[in-house]
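To start, I am sharing the structure in question, which I have written as C-alpha cells.
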Amino acid sequence: MNHWIIAPVLLPPLVGAVIILAARYQVALQRVFSVASTVALAGIAIGLLVQSMSGQIGVYELGNWPAPFGIVLVLDRLTATMVTLTALLGVAVVLYAIGSGWDKRGNHFHALFQFQLMGIFGAFLTGDVFNLFVFFEVLLIASYGLMIHGGGAVRLRAGVQYVVYNLLGSTLFLFALGTIYAVTGTLNMADLALRVAELPADDTAMIRVAAILLLLVFAVKAALIPLHFWLPATYAEAPAPVAALFAVMTKIGAYAIIRIYTLVFGPEVAATADIIGPWLMPAALVTLAIGMLGVLGATHLGRLAAFAAIGSMGTLLIAIAPFTPQATTAALYYMIHSTLAGAALFLVVDMVRARRQAEDDAIAPRAVIAQNGLIAAYFFAAAIATAGMPPLSGFLGKLLVLDALRGHDLVWLIWATILVTSLVAVVGFARAGSMVFWKVEPAPEAASPAAPVAALPFVATGGLIAGIVALTVFAGPVTAFLSDTSEQVFDKQAYIDAVMDTPRAQEAEAANAAGKPLAYYGNTEGSADKADAESTTDSQQEKTE
Amino acid sequence: MIARIFPHPLLTLTLVIVWQMLVNYVSLGTLVFGLILGIVIPLLTAPYWPDRPRLKSPMMIVEFILIVLWDIVVANIVVAKTILFTRNASMHPTWITIPLDLRTPEAITVLAGTITMTPGTVSSDVAADGRSLLVHCLNAPDPDAVVADIKQRYERRLKEIFE
Amino acid sequence: MSLILIAALPFLGALLPGLMIRAGRNACAWTTALVTLTALIGLLVHAPAVMRGEVIQYRLDWIPMLGLNANFFLDGLGLLFAGLILGIGLLIIIYARFYLSRNDPMGQFYTYLLLFQGAMVGIVLSDNVLLLLIFWELTSLSSFLLIGYWKHLPEGRQGARMALAVTGMGGLALIGGMLILGNIVGSYDLTVILENKDIIQASPLYLPALILILLGCFTKSAQFPFHFWLPHAMAAPTPVSAYLHSATMVKAGLFLMARLWPVLAGTPEWFYIVATTGLITMVLGAVIALFKDDLKALLAFSTVSHLGLITMLLGFGTPFAAVVAVFHIINHATFKAALFMSAGIVDHEAHTRDIKRLGGLRHLMPVTFTIATVAGLSMAGIPLFNGFLSKEMMLDAASNTVWQGNPWIIPALATLGALFSVAYSFRLIVHTFLGPKRDDYPAKPHDPGFGMWASPALLATLVILIGIMPALMVGPLVATASSAVIGGELPYYSLKIWHGVNTALFLSIAAVVGGLILLALHRPLDAAWIRAPRPEAKAIFDALLGAITRAANALTDGLHNGAMTRYAAVFTLAVIVAGTTAWFSGTAPAPAREVMAIGPVPLIGWFLLVVASGCMVAFHRNRLLALVLMGIVGLIVSVAFAYLSAPDLALTQFSVEVVSIILLLLALNFLPKTTPNESGSGRRLRDGIIAVLGGLAVGGLALAVLLSDFSQESISAFHLANSKPGGGGTNVVNVILVDFRGFDTFGEIIVLGIAALVIFAMTESVLNGPVGARLKQRPINPNEAGDRHPLMMVVATRVMMPIAVMVGVFIFLRGHNEPGGGFIAGLIVAIALVMQYMASGFEWAAARKRYPYHMIIALGIFAAAFTGIGSWFADRPFLTSNYGYFQIPPMGEFELATAMAFDVGVFLCVVGAVMLALESLSRFAHRAGDRPSPYPMDIDPSRDLPQEAKDA
Amino acid sequence: MGLDMALWQEITVSVFLVVAGIFGLVGSFGLLKLPDPMTRLHAPTKATTLGVGGVLIASMLYFIFAKGQISFHELMITLFLFLTAPITAHFLAKANLHTNVNRADVPPPVGDRPWAGYESDDARRIAEGESTPGA
Amino acid sequence: MEYLLATAIGVMTAAGIYLLLRQRTFPVILGISMLTYAVNLFLFASGRVAINLPPVLLNQTPTYTDPLPQALVLTAIVISFGMTAVVVLMGLGAFLSARTDHIDLARTGDQAEESGK
Amino acid sequence: MILTYALIFTTGCFALGLLMNLWRVVNAPGVPDRILALDTMVINFIAILVLYGIIEGTAVYFEASILIAMVGFISTVAYARFMLRGNIIE
C-alpha cells in the first residue's frame, strides 16, 4: 500500500508536536526539526509530482472506508503541482524566517509553520468537501498565529480583522456545506459530481445557492473583490516570511475554484451552468484593476506588495473564469509564477524594512540601506516578475492568459484591462523602486540600525527568484505538463472513476447488494461481517450479536 | 502504604458509588472497574487535596441527612406560603450572625450548604477569621430563634461527625 | 555564429563587468568591448550570405503551446540594425571608458549597457513577434536603469520613470497589436506573418492592430505626441544618450515599422497615420531644437525631428521612400552619434553644455571642433556629407506625395523642417565653436585624450566617406536592407552626390538659405520663443501622473481604510445578493416533507430563543448582560439539540458554552464593560436592514432545506448500517467521528491544539512587552471584594473534581456506544480542572500541575497520529480501525477498539488545549508583587487550631 | 410512553410531578415577586429542591414502574444539584453583599475581623501576617 | 417544528449580523458566536430533524435521525470554539496594546486612552 | 392518562418558570439578579430535560441532565466571581 500521499499531511503535525513537546524552549533545535521536515516535505512533494506525471490518479481511502462514505485523499497532477509549489515555497520561507531571525520574535513559529503546511497540503489533497473545510480551518488558525507572530498593536488589530473576516468565511463555508448535503446527501467531491449531474431539472434552486455560496467562500480565500478586504492590512502587517507563505494561501482559493467548478459544478452541468460565469469574470477584472491601482497608489512597501498580490489574483481568476483547458493551463502557469513572485516581493520588502530605522517601509527617501545594490536588484527582479514585464515568467504568464482568452466574449475588455493594469503596475513599481533605492538620503552614521549580515535571507529570496527564472527558461516543458494537468482536470469522468471505483468501493457495493455490512479490516472476502473477520485471531474473542 | 494507595479512602468510596450510579447497574466487573478508578483518580487529584478530613461519627450522618431532608420539605412549604401569600411589605427579611464552634472547613461547608438548601435561609459569608457565619433569612420575625435552631439542629451534629 | 548566440552573448556578457570591475576599470571596459566585438564578428560572418539575399535562421522551441519560440532570422534589415547596434555599441563602450568618472560605478554601467545591447539585438533578430515583444520591453527596462544611472540626480530618476511609463505604455499596446496580428494570421512567427499581407489587410482587426502597433512604435521612437520623454532621458550619461537615444533604441520603433512594412503599409490608414505623424514630428522637433540652449537637448530634439523624417518616409508607403528611410537611418546613426559624443566631450571638458556659455572652442578643442563640424554639416544636409544625400532623396520623395489631394503641403512642410534643421545645425557649430574665445568657461576646455575622441572621429570619417562615395560604402547594405523592408523588387534609385537640377535641389537650397537667415535672426526669435506661451510636456506629464497616482491612492486607501464594519457589511450584502439571485434563477419543487407538529414546550423554547436573541441585540452595549443572554441562547441551543435527537451535540454544545463563557469573562475583565453608542440612527437602520435581510435569507434557506428531501439517499445510511459491524460502536455519531471520518477529527484536534499554541504565544508576546509591564503595575481595584478563594468553593471542589473526572472517564468509555466520547470527556475534565483553578487560584493550582499542557497537546496528537499509523503495519490506510472483545475475569467482557486509542488522543488534545488557553488568559491578571498563596483557601479556621491551643 | 402501569403507580408519579411543578413554578415566581435581591435569592432553592427533586423522584419511580429498571442517574443529578446549589447561592449572596446591600445593615461577626467579603486583600495579609507568622 | 427551527435560525442569524456590524471587538465576537449557533443549527438541519430518534443503535427503533450532520456539527462546534478562543484573546491583546477596542483601524480618536475598568 | 396530564402540567409549570426567568434576566435591577435568574433557568432546563425523558420513555437524555447539573454552576460562579473580583481565576 502506498502511503506517500498522506505523508505531506502527517509529517508536519508530528514534527510540530515534537517541537512543542521536546523543543519548546530551544530555538536551535526547533530550526533543525523545521528545516529537516520542510526539506523532507519538498522531497516527498517532488516524488508525488513525479508519481502524478503518469496520469494515474492516486486515491487514498482513509480508515479503509471507500468514497463516498469515508474521506479520501486524491493525488492528480493538479494536487501534486500545488503540493510541490507549497513545499518548495515552504523551504524558502523557513530559511528566510531563520536567517532574518523572524522565528525568534515570538513563540512557536516553527510549530505553527508546520501546522500551516499541514493545513495547506490537506486542503490540496482532500477529495471531500467537509474535510476541505477542516483543513481550511487548520491552515487558517495556524495563519492567525503566524500573522500576529511578533506581536505589536497594529499587527494585533489587523490580526483581529483578519480573523473576524475569515470567521465569516468559515461560517459561510458551513452554510454552503449544509446546503450541499441537504440537496445531495453526500460530501465526497466525486460523488457530488455524480449526484449534482443527476439532479432533476425542476430542482435547481438550492444547488445553485450552494454553488454560489461555495464560490464566495473560495473567493474570500482568493481575495476576489468584493471579498478581498481582509488582504491588504493582513499582508502588509504580517511578518514577512508569513506574508510570503500567504502567497500560496490565496492560491488555495483559486485551486478550490478550479477543482469544484470543473468537477462538481462544471460548465456542462445544467443545474448550475450559468451561475459562476456572470460573476467571476467581471469581479476578477475589477480585482486586477484595484490591485494594480493599489500598487500605483501605495505609500508603503508592505501595502504595495499586498495590492500586487490582489492584482495577481485578479489575473489568475481572469484565466480561471472561462473554465476552458487552455485558459486553465495559463492560469496554472500564472499561479506558480505569482506565488513565487509574490513571496519574493514580500521577502525583499522585509529586507528593506530590516535595514531601515524602526522597520519603516514608507515609499519615501530614507538613509541608504546596507546592501542597497543587491536588494535593489532583487526588488527589480521581483517587481518585473510581479508587474508582468519581460523577460520573466510574469510576462509569459500574462501572454498565456491573453492568448488563451482570444475567443472570449469580453476579449477586448479583458485584454485592455490586463494591459493597462500592467502599465499601471510598471509605473507604480518604478516609482516605488526609484524612490526607495535611488532617492536616498545621506546616512546619518550613528543612527542607522546595524545591518543584518546573515546570508540566508539572500539565499532564500534568491532561491525564489531563481525559481522564477527556471519557470521562465523551462516554460516549454512546464506548460506542456500543465496542459496535461488541465486536461486531466477537465476529464471529470476519470476523476470520478478513480475515486468511486476502487477495489474497496466495489466491495462496498457488493456488500450493499447482498444486504450485508461491509467487511472490515482483515477480511477481503466481501460482505462478511465482523465475526468472520475475527475468527482467525485467537487472542480476541468474538462477540456474537 | 495504605495511605499512599488510598490518599482519601472516603473519596474512593464515594467514587465507587458514583461509578455504580453512572453505569446504572451493579456487577463484579463494574465494581472492580469502579474501584480501579476510585483508586486512580484520587491518586491523580491528590495534589489538590493536601489534607484529609476525618469522620468521627459516621452513624450520625444518616440522622443528619434525614433531618435535613425533612427540614427541606417543611421549609419549602413555609417559604412557598411566604412567597405566594405574604405581602412584600409585611415580610421580615433579616441578617443573622451565627457564631461557629466548628473549625474544619469541611464541617463549615456542610453547615453552610445545609442552611442554604433549606429554603428560607441562605448562608452568605464567612467571617475573615472563620468564626462566624452570615446568614440571610427570608422571613424571620425572631432571629435569635433561628440561630439557636441552626446551632442545635445542625451544628451540634456536624461537630460530632467531623470534629 | 549561431543567431541565438549573437543575441545571447550580450546577456551572458552582462555578468562579466560586475566581476571584472574588481580587476580594474580598464579590464572591465575591455571585457565589455570584447563581448560586443565577438558578437559583431559573429554577425559579420553572416554578412556575405545575407548580402547575397540569403536569410539565416535559427529555431528553438520554447513554449510551443503559446507559439512563443526562440526563433531568429537575419536578413538585410536585421543585418543593418544589428550591425549598427553592435558597431556603435562598441564605439560607445570605448568612449564611455573615458567618459565615466572614478565615482561612477562602471561595472553597473556596462552591465546595463550589455543588457540593453542584447535586448536590441534580440529585437532585430527575432523571428517571433512574442519573442520580439520580450526584447522590446527589455529595452524599456534596461534603458530605465541606464537613464536613472546617476541616481542622485532627480532629473535622472524622473526621466527614467517617464521614459519607462511612455515606452512601457507603447510596449503594452504593442503586445495587444501583436496578439491581434498573430490571431489574424494564426501564427506568431514573423516570417509567416510577413507572408500574409492580404489576410491581414482584409481583416476587420487590421485597424486596431495597426493602431496598437503604431502606438508601440511611436512611443519608442518619440513621435509626436509622445516625443516629450526623449529630451528628459538626456539626464542619462552622454554615452547612453548617444547610444540609446540617437543610434539604437529610438530606432527600434522605426525598425518595427520597417519590419512590418510589407504587411501593414500601403493602405490609406497607414499613410495618413504614419506619414502625418512623422511630418508633424519632423517639423516640430526641428523648431524646438533651434531654441534649445542645452547641447544635448538640442540634439535630442533634432533626433526627434529626424526620427519623424524617417517615420514620414516609411509612412509614404512607396518603395522609394522606404529605401530613403533605410539610407537615412544609416546616415543619422553616424552623424548623430558623433554629435552626441562631441557634445559629451564638450560637457566633459568645459563642464557645461549650455550653448550660451560656450563659443570659441574652436581654438581650444580643434579635434572636437572638426568632428562636430563634419557631423553637424551632415545633419544640416550640406553636400559632401551623407546627410545631404538622404535629405535630398527625402525631399524628392516628399515632393511626389499628395496629402488629401493637396500636392504641396508635404513638400512645403518637409522643406520647412529641413530649413530649421539647417538652422539648428549651424547654430550648434557656430555658437559652440566659432566666435571669440571666452574666459568664463566653468572649466578650462581642451581636447580630450585619443580614447575619447576616437569613436566620434571614426563616425565622422564614415560621414564623409558615405557622403562622397555612397554607393561604394553602403550601396549593397542599403539594397539588401531595403529589399527586406519592401519585401519585393527594389525601385529605381541611385546613391550619388549629384542628381541633377530637380525640385529637390531647389527645395534643398531654399532650406539652406532659409536656415542661415533663421540663424542670423536667432536672437530676436529666441526672445520671442521664450515669451511665447507653450505647453510644457514634462509639467503636464508629471501633473497627470501625479493626479492618477493620487487618485489611485485615494481610491485604494479609501476602499481599504481598515473599516472592518464596512468590510463586513459588504461581505454580508454580497452573500445575500449572490445567494438570493442564485435561488431565484433556479427552480424549486413543492415541499416534499410533512411538517412535524409543534408542541408547547418547543414553542416556549423558541420564544425564549427569539426573545433572548432580540434582547441581546437591544442590550448589547451592556457587555455582561449580552454575555449572559448569549449563554442563554447557547443553553437553549444545547437543549434543542437534545430534543432533536442529538444528545452528543447537546453535551458538546453545553460544555463548550461553559468554557467559552469563562474565557470571555476572563477577557472582559480587562475590556471596557460597556460598548459606547457610536452608531447614528441611520447606521443602525442600515445595519438592521442588512441583518433582517440576512436573517430572512438564511431562515428561508433553512426552511427550504427542512421541507425538501435528499435528491438521493444520503451516504449516512451506510454509516448507520456499518457502524456496529464495521466500526464496533453503536453510537453512530461517535463512530463517524473516530472512524468513518476520523480524519476530520484529526484535523479538528489539531485546530484546537493550534488555537492553544496561538493563545499561548500571543500571551507571551503581549505580556513580555510594555503591555505586560503596564498590567503588572496596574493599581488594585478598590472595588474588589475580599476572600479570593472561598472556603466553601474549595471544599466543594475537592469533592466535585474527582467526581467530575470520573464522569469524564465514564463519558469517554461509553462514547463509542452511547452519547459521549473523547471530546466531551476532555471538556468535562478541563472544566473540572478549571473549577480547581477558580477555587484555589491560578498559582496554587498551577504549582500542582503535573504535566505541562503543551506536552498533553503533543501527546494527544501523537496518540491520534500513531493510532492511525498503526494500521500501516497491517497494510491498511491511515486510521483504519480494529476492535475486539476481551475477557478479563473479574471485569467481564469488554470491548476495545483502536478508535478508542484515537479518542484518547482527542481527549488529551482537548484537555491540553482548553487548559493551555485558560491558563494563558489567566496570566494577564497577574500583578507584580502578588505572592502565590501557600494555602488552597484563604480562610481555614483549622489552621489556627494549634495556635489557639498555644494561647490557651 | 409505556403505559403498563397500575393506576396507583400513575397517581404516585403524577403527584410527585404536580408537586414538583408547583414548587418549581413558585420558585421562578418568587424571583419576580420578592422585593429585593437578597430575598429573591431564596426563591430558586425551591426550584432546586422540591422542584427538580420531585421531577427526579417521579422519573425514578416511572422507570421502576414502567420499565422495571432502577435508574441511579436521577440520584447523580440530585447529588450534583445539592453539591452545587449552595455554592452558587453563596457566591450570589456574596455578590449581593458586595453590590446591593448596605453594609450598615449587616450585623458584625463575633470576632474582631470583618466578614471575609469586606476584608480587602491587603487587610487580610496584614491580619494573617500577625496571626500566622509562617505566612 | 420545521418552521420554528427555520425561524430560530433566521433570528439568530439576524442578531449575529447586527452585532457583527458593531464597531467594537466584543459585540463583534458575540455576533460571530450567534452566527455560529445559527450555522450549526443549519448544518444540523441539513439532515432534516426528528424527535427521539437518536442515532444510537441500542434504542431498538427501526429508524434513526441522520447521524452524519451531527458529526459534522460536532466538528464545527469544536473548531469554532478554538477560533473563538483565539479571536477573544487577540481582541484582548489588541485592546491592551492599542488601548482601544475599535475594530476599525485608523479611526480618529483611537489614541484616546480608554479605561479597561 | 393522569400521568399524561401531570406531565403536561409540570412541563408547563417549568416552561412558564423559564419565561419568568428570562424576564428577570433582561429586566433586573442588578447583575446578581440576572445571574440568579440564569442559574434558575439552568435548573429549570434540567427539570424539562428529565420530564422529556419521561415523556419519551428514554434514558438517553440523562447524560445531558447530569452534565448540566454538574458543570452548569461553573458559569454562575464565574459570573459571580467576575462581579466580586473581576478576575475569575486568580
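Per-chain numbering from 1; labels A, B, C, D, E and F assigned in written order.
Note that a residue touches a chain if its C-beta (ideal position, glycine included) is under 8 Å from a C-beta of that chain, and two chains touch if they have at least 3 such contacts.
Everything numeric in this text was worked out from a predicted model, so none of it was measured.
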(message) What are the mutual neighbours of chain D and chain F in this structure?
(response) C
(message) On a CA-centroid basis, which chain has its centre farthest from chain A's?
(response) B
(message) Using mean CA coordinates as chain centres, what's the gap between chain D and chain E in Å?
(response) 31
(message) I'd like the Å distance between the centres of chain A and chain D, where a centre is the mean of that chain's Cα atoms.
(response) 55
(request) Calculate how many whole Å lie between the centre of chain B and the centre of chain F, each centre taken as the average of the chain's C-alpha atoms. (result) 22
(request) Let me have the rounded angstrom distance from the C-alpha centre of chain A over to the C-alpha centre of chain F, please. (result) 47
(message) Can you list every residue of chain C that touches 2 or more other chains, as numbers and ranges?
(response) 562, 564, 566, 568, 572, 643, 647, 668, 698, 701, 705, 714-716, 719, 724, 740-741, 744, 748, 751, 754-755, 758, 762, 766, 769, 781, 784-788, 790, 792-793, 796, 799-800, 803, 807, 818-819, 921, 939, 944
(message) Among all residues of chain F, which ones touch two or more of the remaining chains?
(response) 11-12, 16, 18, 31, 35, 56, 60, 66, 70, 72, 77, 81, 84, 86
(message) Two or more other chains touching the same residue: where does that happen in chain A?
(response) 130, 134, 137, 141, 144-145, 148, 151, 156, 158, 160-161, 164, 168, 175, 178-179, 181-182, 187, 233
(request) Could you run through all the chain pairs that touch each other? (result) A-C, A-E, B-C, B-D, C-D, C-E, C-F, D-F, E-F
(message) Give the list of chain F residues in touch with chain D in this complex.
(response) 1-7, 9-14, 16-18, 20-21, 23-24, 29-33, 35-37, 39-40, 43-44, 46-47, 50-51, 53-57, 59, 62, 65-66, 69-70, 72-73, 76-77, 80-81, 83-84
(message) Residue numbers of chain E touching chain C in their complex, please.
(response) 1-30, 33-34, 37-38, 40-42, 44-58, 64-68, 70-75, 77-79, 81-86, 88-93, 95-97, 101, 103-106, 114-117
(message) If we count contacts the way the header does, which residues on chain C are in touch with chain D in the complex?
(response) 780, 782, 784-788, 790, 792-793, 796, 799-800, 934, 938-939, 943-944, 947
(message) Which stretch or stretches of chain D touch chain B in the complex?
(response) 22-23, 26, 29-30, 33-36, 38-39, 41-43, 45-46, 48-50, 71-73, 75-76, 79, 82-83, 85-87, 89-90, 93-94, 96-97, 105-119, 124, 127
(request) Report the residues of chain B in contact with chain C in the complex, numbered from low to high. (result) 11, 14-15, 18-19, 22-23, 27-29, 32-33, 37, 41-42, 44-45, 47-50, 100, 102-106, 108-109, 112-113, 125-131
